[in-house]
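Shared between the two complexes below is chain A, which has chain B as its partner in the first and chain C in the second.
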Partner chain A sequence: MSALLELHDVHTAYGLSRVLFGVSLQVAAGECVCLLGRNGVGKTTTIRSIMGLTRPSSGHVLWKGRDIAGWPPHRIARAGIGFVPEDRRVFAELSVWENLDVAQRACERSGPWTIARVYEVFPKLQELAKRQAGFLSGGEQQMLTIGRTLMCNPELLLLDEPSEGLAPMVVDRLLEQVAALKDQGLTILLAEQGVEFSLRIADRVYVLEKGTVRHSGPAAELREDEALRQRLLAL
Partner chain B sequence: MSRRPVPWVLVLFLVLLCIPWLGSRLYTFIATDIAILALFALSLNLLLGYTGLVSFGHAAYFGIGAYTTAILMKTYGVPFVVAFPAAGIVAAGFALVFGFFCVRLTKIYFAMLTLAFAQIVWAICFKWNDVTGGEQGMPNVPYPDLGWMSAIPGLGSLRSGDHFYLLVLALVAVAIAALRRIVASPYGRMLSVIRENPERAEFIGINVRLYQLSAFVVAGFFAGLAGGLFGIFNRGVFPDFAYWTKSAEVLIMTILGGMGHFWGPAVGAMVLTLLNQQITSYTEYWPLILGIILIVLLFGFRGGIVGAVVALNRRLRGR
Partner chain C sequence: MPEPSFLFGQFLGGLTAAMFLFTIGAGLSLIFGVLRVLNFAHGSFYMFGAYIAWQVMTWLGPGTEYFWLAALGAATGVAVLGVVIERLLLRHLYGREELYQLLFTYALVLILADSVKIIWGTGQLSASRPPSMTGAVQIFGTTVPYYNLFIMLLGPAIALGLWLLMHRTRLGRMIRAAVMDREMLEALGANVGVLYTVMFAVGAFLAGLGGALVTPVKSIVPGMDVEVIVEVFIIVVIGGLGSLWGTFLGAVVFGQVLAFGILIMPRFSIFAVFALMAIILIVRPWGLLGKPLSR
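Entry: the complex of A and B
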């Protein structure tokens, strides 16, 4: 199996405070992989390291076999990795439509995604097209952030804590939408604290602890084996 | 029935066109000064208000533009039609070189480097006697040949200062229209996105440094044009044009008028120039008054004059 994305012994630090101590993982095309673990174990840092927002101090990030560690984020985005950050911040001063339009112009990657198609997946965004993005609700902003990322026609979607701070009903909708994206062939790497959310959608999981991978395996295993779940996540 | 909005900008332009017929040399003089400085301040706001880059050295490009036009017209006898655009182009060229280094730094380091480059420009103007006239500057920059204006019916009775004012007004209007097109374009939207959050802009695929550099060059171009006009208006070009106090002055104009609104810096240029004119005739403590104005502004009216007016207007309509 040749992986689409592969991390090899990635170490990352913010200044003197080291966060990742040799994370290795693989994501194959079409898979949905979830990074699990409690707050502060390095999930977000792993995602930021992939995206080039925090440069790994050593190790390799292989994208389709090429080492992209050290590339600037805009180049990584144009190579086909889309990032939906945790704070799901939209460009608050622009309208919904402008947010999508800017993303399309920024990236210049051709592919199936158009504004019309984003509206198909998230009909709510079409209704709100002219609304200033800063006035959207949390769930709507999350949709817009995902939509904005899709405008770049990514092959891999990095979702950082997508369910955080959203009402349960909104999370259910979001789950359906992410599942629909996966069915359309998008590869997804997800960082989540919510086991509930991630186990419903992931194919495989990596459990992180103190900046290393503690466990990896199929999501089904964790779904069914409660004792294992307890032991790994202590939830 | 939809009422067409009043084209305020056009109305303003027409009103300004009439100033020479008031017959006062002083009014024309002040209006020319304001028009040129308005363009200078608007060019800075492309960086400050739209891209979120604080430049402490914008006078460098103003000065380079002024010297370019002056050297071409005075030393080489080049006509204004060539010497004026050359001011913008040469300033943009320098902005490209200096900006290449500046955009590698962020925030206060960016600001400090723009200042450093501006001081280098000033030092060169100050010392390179053979070309720039050194400390003495270049007095007596010739006026462009505006004899053709007298041939236009109605303009014949005006003084040459009035003719120059009309030329400045027309050129500044075109330059401002171009700036307005730029900020309203998709390119301008990219700049606002970078100002809102450079990191976010970066990971949606925008080459942030490249866009910042391009904004730096465009801003330098328009500052250069303003400088080119100012040298002629001032009847001479001096090293002060590129000195850091000039950079501070244009920064103050921009913040005073309001950097969140397209016209803010132009209003700032007008208010500061008029205040300066008025207050210096009463007292020698102009810097003291300016300091107080700035303090009030920074604590009370962050959006500047235009920001405050817009907020007030919104409040009144809300009632």
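Entry: the complex of A and C
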């Protein structure tokens, strides 16, 4: 199985504060892989390292076999990696439509995604098209930030803590939508603290601890083995 | 009490001065609003605009309609200079402390000022209005030169044009998105570095245009850079740095305070402007229409 994305011994630091100590992982095309672990173990930093937002100090990030570590983020986006950030980060003063339009213009990567298709997946966004993004609810903002990233026609979607701060019902709806994207062939790398959310959708998981991979395996294993789950993710 | 027509004339004089300053200040405010760089060398761009316009006019024929071509050419030349400076030098200073940016742009002021002296000498140069603008019109008993009228209309036209650019075009939306969250926009695939260069060029263009258009009414001398940068700083501080309409309002306030201050206390009118700026800095440091910095 050749990996779409492969991290090899990635070390990343913010200035003097080192966060990742040799993370290695693989994501194959069509998979949904989840990074699990408590707050501060390096999930977000792993995602940022892949996206080029924080440059790894050593190690390799291979995208379809090419080392993209050190590339600027816009080049990585145009290569087919879509980033959905923690805290959503919608352009608050722009309308929903403008957010999508900017993303379309930003990327210039051709593919099936159009604003109309994003509206099909998230009908609520069409109703709110003229609303300023800053005035949307958390769930609506989460839809917008995913839709915005889809405008770049990514092959791999990096989702950082998508369920954070959302009501359970909203999370259920979001889960269906993300699962639908996966069914359409999108590869997904998810970082989550919420075990519930991630185990319902992931094929495989990596459990991070103190900046390294502590455990990796099929999600089913963690779903079924309560004791293992407790041991790895005890809060 | 002076005659109303005299007061009206004074008002229009102030407005003309204001619109010159707005043209220049809009560029400074735009660059600050997007790039978060306070460009001390903006006045130097203005001075270069004036000298280049003079040079081109001298080549093409002074006192002819080539004036317009010279003005556009000068503004474009300054925009190109801006692009070179931004791409080669300034971009290495983004994200550093403001102090480095200030020192860098101040160094540019010195370098550009000396360049002007080397190229054009230290003497005073002058240009004349194009023939189509030499006439005047009577408004409420006041004689208003066509050229002043043109400048008074140009200011609002530039304001409107910039507003439309920012709010009604895709480029403008991209720029506003970059201001809100640069990193996010990059992660969406935008080459924000290019956007910054474009905005710096637009800002420099406006400074160059202001410098070129001022040549028929002011003499072209070394030192005009520092004179104008002080005035432009005052208007953007009054109006709010980074705010387009704030800069417009600041320019109008500046022009009127100066125009009427001269009537009331001739020697202290510039003092009145400084006092106004000081009061605004104390009471409302982000300016009349600006927003408090959230950094």
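Worth a mention:
FYI, the second predicted complex is superposed on the first by the 234 of 235 C-alpha atoms of A that agree within 3 Å, B and C clash if a C-alpha of one lies under 4 Å from a C-alpha of the other, contacts with A are read in each partner's own complex, and residues count from 1 in each chain.
Everything that follows uses one rule, which is that contacts are C-beta pairs under 8 Å (C-beta built on N, C-alpha and C of every residue); 3 or more make two chains touch, one makes a residue touch a chain.
The structure presented is a predicted model; accordingly, all values stated were derived computationally and were not measured.
Superposition model on chain A: chain B and chain C are shown in a clashing arrangement.
Contacts of A:72 after superposition: both chain B and chain C are touched. By the document's definition of touching, both partners, chain B and chain C, reach A:83. In the superposed model, A:92 makes contact with both chain B and chain C. When the two complexes are overlaid on their common chain A, residue A:106 makes contact with chain B and with chain C alike. Looking at the shared chain after the overlay, A:148 reaches both chain B and chain C. Shared contact residues of chain A, touching chain B in one structure and chain C in the other: 51, 53, 72-74, 77-78, 83, 85, 89, 91-94, 98, 101-103, 105-109, 148-149, 152.
On the side of chain C, the complex with chain A involves touching residues 170, 173-174, 176-177, 180-181, 183-192.
The touching residues of chain A, counted against chain C in their complex, run 51, 53, 72-74, 77-78, 83, 85, 89, 91-94, 98-99, 101-103, 105-109, 148-149, 151-152. Against chain B, the residues of chain A that register as touching in their complex are 51-53, 72-74, 76-78, 83, 85, 89, 91-94, 98, 101-103, 105-109, 148-149, 152.
Contact residues on chain B toward chain A in their complex (touch as defined above): 186, 189-190, 192-193, 196-197, 199-208.
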